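Scrolling down, you'll hit the structures one after another.
Note that chain A is present in both complexes that follow, paired respectively with chain B and with chain C.
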Partner chain A sequence: MSSSSSADVRPTLAVWKFASCDGCQLSLLDCESELLALAGAVRIAHFTEMSRATVDGPYDISLVEGSITTPDDAERIKEVRSSSRYLVTIGACAATGGVQALRNFAEPGSYARIVYAHPEYLQTLETSTPISAHVPVDYELHGCPIDRGQLLEVLLAFLAGRRPVIAGHSVCQECKARATVCLLVANATACLGPVTRAGCGALCPSIGRGCFGCFGPSDSANTPSLAARLRSLGTSDDDLVRLLQTFNAAAPAFRDEAIHSTPVRLARSGGQSKSGVEQ
Partner chain B sequence: MAKSNNPSVSSKVQLGEVVVLRLDGLDSLVARLTALGFETKGPVVRDGAVVPGPITGVADLPVGVHDEQAPGSYRLTRGDDGRLFDWAVGPGSWKAEFFPPSQEVWRAVKVGDSMQFTESAPLAPLAIVGARPCETAALDVLDRVLKDGAHRDPVYADRREGAFVAVVECATPASTCFCSSMGTGPGIEGGFDLALTEIDDARGHRFVVRAGSDAGVEVLSVLAHEEALDEDLEARGRVLDQAAARMGRQLQTEGLASLLARNVEHPRWADVAERCLSCANCTLVCPTCFCSDVRDTSDLDGTLERRRVWSSCFDLEHSYLHGGAVRTSASSRYRQWMTHKLSTWWDQFDTSGCVGCGRCIAWCPVGIDITEEAAFIAASDGATPANAVSKASAP
Partner chain C sequence: MTHGAKSVRTISAEGISRVEGEGSLRVHVRDGEVTEVALDIFEPPRYFEAMLVGRQFREAPDITARICGICPVAYQMSACAAMEDACGVSVGDRITALRRLLYCGEWIQSHALHVYLLHAPDFLGCSDAVELAERDPRTVERGLDIKRTGNLIMETVGGRAVHPVNVRVGGFYRSPDRAAIAALAEPLRRARDAALATVSWVAGFDFPDVNGQYRFVALRQPGCYALDQGRPGSYEGFDLAPSQFADLAVEEHVARSTALQATLGGRDHYLTGPLARYALNAASLPPLAAQAARDAGLGAVCSNPFRSIVVRAVELVFACDEALRLVEQYEPPDEPAVEVIARAGVGTGVTEAPRGLLLHQYEIDAEGTILHARIMPPTSQNQLTIEDDLRRVVEGGLNLSDHDLQWRCEQAVRNHDPCISCAAHFLDLTVVRS
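What follows is the complex of A and B.
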């Protein structure tokens, strides 16, 4: 239990985990130079990666990591929502279902049978779904993992009572702002930057690697057009599907094009996936 | 035997006089500008492209580098010819030097109930060696918006007025270039401090140089130069003629502004939208696009900052008014960009917003070609979604 006095007027912050790897909530601890100042501005009331000491709700702001994959979690998220003034989701899992949403395209239970010796002990849902499919969400932070600068921005905006300054446009704008030469145009590199949400600062292209879409689709993503271009530059359908089905497999703008690229394999027709994981 | 130029001299050059510089003279030009306190920049090769960068001499320039450009494609090739400027413009325009992607407007620290503002340190004046004619034309277009119009931008204007610009005329336009159509190249007749033409023939590798300003006269006069002969002027003429003949594209500009203004319902806009990624690359490589956003941030330590950042009419947020964005479709955004560039820019600034550099064609990831889109609409003038079948498929 907390030892804080009742005179503490700091807004309370809670961090919740659903189906996820914890990487996004650890971004909060990665705010090294700002962490003490942040802890002075908000009362970190529930963050079990940091401390077992927790404070009962309600909470002023909840950060929710992970997707909904079990019946229990589908109920628990409703409790989190009802005890939170603001609910902000953090990361690709919470925003789009994450890498675990690959199960949405496979025969129900097929992944669990590969991973677990006794999948019959598991109680899971057939799909991995974003938080917004279950409860109203006030703000979504994208990325796998999220950008800690964006996390701070959301918290600072909350504290200042202003709108977060976070863009929904493409990664291309971040490449151009830092004068990175376009890998797609100058090197025919398969890059999802033109359809991917900015936020990472165009990290991968700056070291010569094509964007693999970890922030999910931008707010105006035209994935079919980019996919057609990448195919004409030599990207195979298999590679295209892998590119689109990594961290945000179930985001509609990526999902639909991936299904279009491999209609037979991805349809839930009972066939086993050919992905390396299952072979 | 060909006449040789007079031996190198350093003598007072007259405004408009034509002289010849050799490679060491070009080296001296860069050194002289730097010695005068300029931050000297020019074209350099980085990550497979010719882009603006710091230079200290000829060795930093794209020696023997050539380019192959096409819609959505850009590649550099290397030769052993030693030529320095045998390439067309790359992705980075000089716009970014005067109108940076992110610029501090003000910065303050909250102390109690008041705010203490801090000024950022001024930049050293900029000297550019190796801008192309289309690029100085683009800066002239930007000047009308940010310097000479009703709303003078002090940061842009100060940097621009303090800058020294040595242009190098274009000898090898790319397949994406159409400056001839826009009247902005391949040669240049004004709006520079120095204008150079690279010539490499039987009489040697040299530059025909003209001074276009007092600052240009002053710098050129102290460099070892030679008197230009008739042969040098003829060689320059041949370079420009060959360049014009190599122009890869053209844009029919006559009546273009009104053509686009009366075709706002043309079905071609929806066709472009099928291809357009709304990624904004065209606007960010465009040397005249000037849209920006203002962003305020607050920090935990009480630091407040306002920055001006590049924005784009392809952003959904760009047209955000209370309640939502006005231009939600890609077709409306592409139409906004192209009609502004080629049509309403005239109403606003009495000039075209396009200089024919071709960057938007080469750096569009899916290769959308503004000249092709304009030609299509011209060939199916008056088509509407209702009569699209009969007219839009015409060309």
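What follows is the complex of A and C.
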């Protein structure tokens, strides 16, 4: 980046992209009010979307967006890890495999055949897996997309050498905090709020829409209990599976309940290394 | 990047920066002749068209938004348009106006990002906007202010700046109240002034004297600068229904790219995006944006891709002005959404994403299950034209050093604001001089 003198003692920040939509790294550029201050506090050493200039590693903090879906990326993430003091993943793709982990539940090769005339040109893996399935991760920031306030908190915490103060409880508490009437109780709306990690500010319930789980499972998600409740309120198994299988389909707490609800259609287990029982 | 034998020159850039996504560029020059120019897109494929099969038609806006974090509204709008077409529903003027306001927010956010953070640093010899801010903090802050206003619109109407949550097939989950919309007026007036200043700023840059031979394709809608709806048209004269255009545009899978490449009828490459929209629709720009275009010295058509930054700045003025008009005339819809009942059929939706035409086409059954999905993003359509531009830039720049030629090539790519996350994603440059 610009100030490239060797006397620069600012901590270095690198941003890396794997299979993803760019939305989480955009959240860094969306910190419009803080961007220039941040660029003063850290040396942005590698951020392809933002700058031509790069500084060689090692890096103090690496932000990693996206999931691992190709053999090359499975190697590249190891290089990123070895050149980073702290590796922080940003977003649902990096934390759980993202929406592209839906391929984990499909017939091997079937997705490529649907989209591409020549699947033989492609070099991809049959699964989309989180970063933590490949290398040790120092912190996972969840969300599809991440919340930019939480991103700043994580960066400030790592710069200060403290733990980020980010809750692992469910969206329900955010609804209570903003006095949103419970959609599930009042309207029998199918809502994943009780098992979804807080962080968005309960955006969907506030506009009358059930939570669809962008932030992935909360720390103590009891998905079977919620599933039983939703079924009793009239949610079909198909709708329940679709709800659980979107942006964090391979997160164990969502994946296992989806598989339980449709044992025939979802014969294969999802891509995460952890398998089996959640409770 | 290396010099080969005397008569051979290879230039390569691995990881083209300041574009959305990952790709690379290879140029081969033999005895002063450019023998190959290739834009390799190696963004890992994510198979959206496959994962949509078997999903419910109502899920398409949220799922396809995840193709691109820079222009999620474009995906949501094209998906809604396609599903409403399939089900034979129209949403009415008030919902349409609210959608157009949301879309203006995305244009403002995306164009401010591209003009200030991705494109302008090239013209000023900077690696990035942070370096630019060291020289000229007020200008960069002006760009960030415009960008913030775009995000504010997306948050107010869409609920969130990246992957908005309030959009649904048929309209919205909740209409914003009048006070929330009215509160956008003041920031928008400031953003509009800042956009006018942006036009003056970028019009003063030095531009290489390069003119492309473009087949411009953009939406046209009588009496307005088409954005959220319209008919695909070309500068040469075709005027088609969205479904006819879907038939005309043919996509091909080539070995070097995980983005499919589109042509018209399997033959002609074409260009969508700001230059195309301006060429087809400049006469429909509202007075303020039209005056800004004249003041910046833009004629009826701009074929210099480097000057696309000026056109983008004019579109920023348009988007701020249009958003302000929609804010001032806002009437909440009676219901935030119209009821959409699935029926078996095919639907096509086309809208103008910030970087160009975005087409969605779906076949659904009577239960609303998606049987087939086709998504044609702007960068797939522009890819062959970008390669054509690169060839011209290399041919005209053989006297440049490898360093300068590489930078010029990167600029030629950035001129079109390619989104590789959309196209599958891209950028890495290799120039081989033989």
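Worth pointing out:
Note that in this section the second predicted complex is superposed on the first by the 264 of 279 C-alpha atoms of A that agree within 3 Å, B and C clash if a C-alpha of one lies under 4 Å from a C-alpha of the other, contacts with A are read in each partner's own complex, and residues count from 1 in each chain.
To be clear about the criterion, contacts are C-beta pairs under 8 Å (C-beta built on N, C-alpha and C of every residue); 3 or more make two chains touch, one makes a residue touch a chain.
In this text the structure is predicted, and so the values were computed from the model without any measurement.
With the two structures aligned on chain A, chain B fits next to chain C without clashing. By the document's definition of touching, of the two partners only chain C reaches A:Cys24; chain B does not. Touch criterion not met for A:Thr127: it reaches neither chain B nor chain C. Within the superposed three-chain model, A:Ser225 lies in touch with chain B and out of touch with chain C [touch as defined at top]. Contacts of A:Thr262 after superposition on the shared chain: neither chain B nor chain C is touched.
Looking at the superposition, the partner that touches the larger set of chain A residues, chain B or chain C, turns out to be C. Of the two partner chains placed by the overlay, only chain C lies in contact with A:Phe247; chain B stays clear of it.
In the superposition on chain A, A:Ala179 makes contact with chain B only, not with chain C.
In the superposed pair of complexes, A:Pro194 makes contact with chain B only, with no contact to chain C. After superposing the two complexes on chain A, the closest approach between C-alpha atoms of chain B and chain C comes to 12 Å.
Residues common to the contacts of chain A with chain B and with chain C across the two structures: 208. Across the interface of their complex, chain B is touched by residues 34, 37-38, 40-41, 153, 156, 160, 162, 165, 167-170, 172-173, 176-182, 184-188, 193-195, 208, 218-222, 225-226, 228-229 of chain A. Contact residues on chain A toward chain C in their complex (touch as defined above): 1-3, 17-27, 29-30, 32-33, 35-36, 39, 44, 48-53, 69-70, 73, 98-100, 102-103, 106, 110-112, 114-118, 121-122, 124, 128, 144-145, 200, 203-204, 206-209, 212, 214, 242, 246-247.
Remark: chain C residues 15-22, 43-51, 53, 55-56, 59, 62-63, 66-70, 72, 113, 117-118, 121, 126-131, 133-134, 137, 140-141, 144-145, 147-148, 151, 159-163, 165-166, 172-174, 252-255, 258, 260, 407, 410, 419, 421 touch chain A in the complex. Taken together, the chain B residues at the contact with chain A in this complex read 46-49, 51, 72-75, 90-92, 96, 101-102, 274-281, 284-285, 295-301, 309-310, 312, 314-317, 330, 362-367.
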